[in-house]
Amino acid sequence: MTAQVTEATLAKADPSEEVLLEIRGLEKSFGGVRAVSDVSMDLRAGIVTTLVGPNGAGKTTFFNLITGHLARSGGTVRWLGRDIGGMKPYRIARLGIARTFQDLRLFNDMTVEENILTVMEPGALPFSVSGPSAKEKREKVARVMERTGLADKARTRAVDLAYAERKFLSMARIMAAEARLWLLDEPASGLDPNSYATFLRLLREEVAAGVTVCIIEHNLDIVVGISDRIAFLDRGRLLADGDPKSVLEDPELTRIYFGDRA
Amino acid sequence: MLWLQLTLTGLQTGALYALTAVGFSLIFGATRVFHFAHGAAFVLAAYVFYWADTAGLGMIPGIVLAALAAMAFGVAMDRLVYAPIQRHEGSFFTVFVASFGIGIVVENVVGMVFGRSFVTIDSTLSQSRELMEGVYVAPLAWIAIACAAVFFAALQLFLRRTHTGMALRALADSPELIRVFGLDPRRLSSIAFALGSALVVPGAVMTALGSGLNPALGHHVMLISLAATIVGGIGSIGGALVAGFVLGLAENLALIAFPSQWSEAVTFAILFLVIILRPAGLFGRATAH
Amino acid sequence: MRARVWAATAAVCMLAGGAFGKDVEIGAVFPMSGTNAIYGDVFKSGADLAAEHINADHMLKEPLKILYEDSQALPQPAVVAMTKLVEVKQVPYVLSAFTGVSKAISTLAQRSQTVAVNGGGVGPDLAKLGDYFWNVIPLANLEVRAMVPYLAKHGMKKVALVYVDDPLGQSILDELNANLPKVDGKLVAELSVPTSTQNFSGIAAKVRASGADAVYIASYGAQQIQIAKQLRDNGVKAQLASYSGFSTPDALKLPQAEGLLYTTQAVNYKAGDKVTQRFLADYQKAHDGKKPSAYIVNYYNAVLLFGILAQKLEEAGKPITGANLLAERKATKSFDLVGGTVSFQDNGTLLAPIQVNKIVDGAGQPQETVDIN
Amino acid sequence: MEAYLLNLGVLVSIYAILAVTLNFIMGYAGIFSLAHAVFFGVGAYVGAQMAMHVSASLFVTIPAAMVVAALLSLALALPALRVRGEYFVAASLGLQMLAITVFSEWKGATGGIGGLVGIPAVRMFGEDIYRPAAFFPLAAAVAVLVLIVTRLLVHSSFGRSLTAIRDSESAAESFGKNIALIKTISVVVSAALAAVAGVLYANYLSFINVESFTLNTSVLVMAMVIIGGTGTALGPVVGAALLLILPGLLSYLWFLPQTEIGAIQQIIYGLGMAVLMIFRPGGLVGRSAGARKRRKRDALKAAAGQSEARKMEGAK
């Protein structure tokens, strides 16, 4: 958590839009079925990329391949030029890549506070030998809770939160993680308009602070409202990758997207 | 000749293990209930058969009563113990502890009713004849092996050819799907328990006739069934059958090389290694995660 | 809820406080559940009969009462039970059984100066458990010394041993190894089995392959019966032999055990003494004329021994404590118990002749009595 | 009377250590081990051997027992890292059964079924401590110490990591938790602390053999944890006290036939286990019914998530 993150934090100021994650020819097949097929893509610092595509297009699989939760069948993934294929998920995470899950996967029996606190600790030792002090951590947790509107739920267990609160806790966790690249899996689905506005504001603030985001989303408002770039996935293949306007106006893609969903 | 003798004995032991293990595997595969009291069903069936024999009811009625007792026990466990637990929390361990508890109850109740010592049914079936120089086989051995074959074939036929059988196989994978097809998962679960428990009867009856009974018998039977189910691969009925035979053979053939007190260790060393090296079991497809 | 739990605990404490009687109480740590519970029933019938006789004769000023605790034949429950007997009930005298149990409770007996008397376990280690541990049963090493010459005399010199892998089994193995060469015999197979094994067809195959003239079975309870049955069922035709552990009713009536030889402490029922005759008559009256086993005799004797010692203490105006009982036993040369007049060795173990019995029609028939020194 | 309660107190303390340490991996790491008696046994044997041949001081016996148990616990950590759920239970069961054979056959170290006799009492302040009155404060103090250590661990960042892993392994991993290391440490800590109970047990009884370390003991300890309340601070202690007091209590029911009392105790113990699981699966010190309902709702959701996770990870 310590050295790399500091490095990552420093690098945030770099305006050159360097390539954080370089993906080349990424492949994944499940027993003959190709879930991800020859996908190449660069994720550049400060750019918000949205992954769109019909259900089953391989978007979540794509995330799992980056974070190491799935082993790739082929291709390379480089983080700041270093090959991270085959690394354990926790090592990849410690490089500065964090993610959320479609089904949230909160630490259900822990309180909101603990959920946020624990992502700031590598945790193999009962005490920390380096990194921020306990007081700094507490302050940061308080800050994150404040911003996500969970301050008065600090002692509530994650299980007992309402739906929107759970979504925000998922966001709070990733905010606390000090990661440089965020992979968000449908973070806004099912939110009411109010919460939704809060969510957008949060995301914009974080992006402004230098976080690079790759987001899976169906909601076209988000897609248009926040994306710098859209990548269109269908049946594991990257069909398009460009600025929102050109991708969304491609009639072929629209047909695939809406045709499949209708 | 010793190895031939031990192979034959191993097959006889294995046949008993195999059917009991198939019963456990069927229940576990379909309902994911860790039915530790399966050994208790075995003891219950064996003692009911014994009771029928001492009451002079004869062999066939004894077997029927034993089967009824085992099935009733299995279904009762499902309905009265497992279903209520699964209704609220249903963690795997809660079920296991409850099942273990009932196992203790059955062992002691049987002990109070039938006495805690050894009982046996005197029968010529258990007395060996000399097959060839130095090789003795009891008629019971052939019956055991035949029983394993017949019951297993019948079970396979049921699971593959009948509507209920196919639903049972699908139950573990997708209870939702079962509901969609208009079948009641609860009822199917009871059927799995009834069938699985009925499969202890051949083993129980032959143990009563062969090596004899005591109330603590269920423990060993259960552990072997469990080992066979895992070694064979959870969800693989055929795997449990083969693993049952393998464990029976291993237990006996190990005698050539090791003192017999290591034979149980051999069984569990196999179990431990299979879980570490090939968690899906020798014949399983499901993953361990 | 938490409050309720503590309330329940408090109730336990209250309850545990009651139950101090006026009777003279002694304890017994017997298996009452588990696979060896059958022994508990047998032991108890002997002990109860003695208590009945002692009370009928008013040997003691107050009635004698035996407090039974369950050991499950396992050391840990036995230690819990023993602690309860010596610390709560403060009994001076405890009946014990089983080698493992006896060893486990012996330290408690020694520490609390409570006499523990074994009438069932025959592991030779039991002779070495200190002053407060007595044996009213000759130990297994003596039994083997009686059986081996008997077998040899009848032309059976190749012996196979099937033994349970515990101190008892080990000691029988050692004794056979020591004694067979003396009569030109040989141990042709030694097959140990774990305590929990139930299936012996493989063992039977190995016994047959060894070509033994006789098979010595050293186990307990349900297991030894299963061994005998399965040996016979699986074509072992050699003579079967065992030790006093085989003298339980259900072992004797096993059809496959017919003709089996086993040793017991020699109890001379024909002895004309009053103690033996009264015991035999009353036991048979209560049990349809069945002959009592050696265990029943032993526990009868164990309780009777207490009665004799306690009576003497009362007469001398001394309190009945473990220490006084020990001193009294050491001061007394011999005791009139069932089977004749016996005396204790210095290590607290009874010396008694051993007899070889044969099972004929489901009952033990004495064949020969051997004096062991 | 007093001595009896003190004796009971000693046993409760010893079993409470076992229950608390098992709860540490069951309740906080989600590792449901049926092999806890193995480490109890290892501690007892190592403690006994050290006491008999090296020194009866707890400062020698306890560290030795802890080190050996910690090393051996790696055998349990191995399956814990590879498999979950029923597979891990079966693996731990296999380990337990193997250990029973080793305990009863390795006569040089364990004395076989015959066990080790005459284990010296603990020597402290120049006195032999074995009488319940002296031993109870010692055992209780050690139990409290173990309880404090595990509480501190649970409330440290390590404990949070452990709970996080239990609640969602994949999420914990995504936030940089080294699952293999954390799980292994938890198993090692639990086994090493369980060994402490073994040392006390051996010193107190002065006799140990394999029968105290069988599958039944493992299940008994597990039942203590579950009946008391998995993942709660005091639940395991309450469970241990309850399961040890109950049998004693039954023998005061005068109307029960004496020869059947053992069987009746066992029946009530078995029934108690089943009934508690049916009506109070969260344990006595568990959460209130309302919280349980929410838990159930959540359990369903978590189950859905798990199956997703299973699909994802199964393809590895």
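Here the chain labels run A, B, C and D in written order, and each chain numbers its own residues starting at 1.
The rule is short, and it goes like this: a contact is a pair of C-beta atoms (placed from the backbone, for glycine too) under 8 Å apart; a residue touches a chain by one contact, two chains touch by 3 or more.
All values derive from a computational prediction rather than experimental measurement.
Visitor: Show me the overlap between the contact partners of chain B and those of chain D.
Guide: Correct list: C.
Visitor: In terms of Cα-based centroids, which chain occupies the most central position?
Guide: D
Visitor: Relative to chain C, which chain's C-alpha centre is the most remote?
Guide: Most distant chain from chain C: A.
Visitor: When the centre of a chain is set as the mean of its C-alpha atoms, what distance in Å lies between chain C and chain D?
Guide: Computed value for the inter-centroid distance: 35 Å.
Visitor: Cα centroid separation between chain A and chain B, in whole Å?
Guide: Inter-chain centre distance comes to 49 Å.
Visitor: From the C-alpha centre of chain A to that of chain D, how far is it in Å?
Guide: 40
Visitor: Note the residues in chain D that touch 2 or more other chains, in rising order.
Guide: 101, 104-105, 260, 263, 266, 295, 309, 313
Visitor: Can you list the residues of chain A that touch 2 or more other chains?
Guide: Counting only residues that touch two or more other chains, chain A contributes none.
Visitor: Could you list which residues of chain C touch at least two other chains?
Guide: In chain C, residues 33-34, 37, 165, 194 touch at least two other chains, as defined above.
Visitor: Using the contact rule from the top, write out all pairs of chains that touch.
Guide: Applying the touch rule to all chain pairs gives A-D, B-C, B-D, C-D.
Visitor: In their complex, what parts of chain C are in touch with chain B?
Guide: Its residues touching chain B are 33-38, 165, 191-194, 196-203, 205-206, 208-209, 221-223, 225-226, 229-230, 232-235, 248, 250, 254-255.
Visitor: Report the residues of chain B in contact with chain C in the complex, numbered from low to high.
Guide: Interface residues on chain B, with respect to chain C: 1-2, 5-6, 9-10, 12-13, 108, 111, 115-120, 122, 126-128, 130, 134, 136, 138, 210-212, 214-217, 219-220, 251-252, 255, 259-261, 263-264.
Visitor: Could you please specify the touching residues of chain B with respect to chain D in the complex?
Guide: Spelled out, the residues of chain B in touch with chain D are 28, 32, 34, 81, 84-85, 88-105, 107-109, 111-112, 116, 223, 226-227, 230, 234, 261-262, 264-265, 267-269, 271-272, 275-276, 279, 287-289.
Visitor: Can you check the complex and tell me which residues of chain D touch chain C?
Guide: 1, 3-5, 7, 11, 101, 104-105, 112-115, 117-118, 130-132, 205-209, 211-212, 234, 238, 241-242, 245, 248-249, 251-252, 258-263, 265-266, 284-285
Visitor: Any idea which chain C residues touch chain D in the complex?
Guide: 1-2, 5, 8-9, 12-13, 15-19, 31-34, 37, 40-41, 44, 68-70, 72, 74-76, 79-80, 83-84, 87-88, 99-100, 103-104, 106-107, 111, 123, 125, 165-167, 170, 194-195
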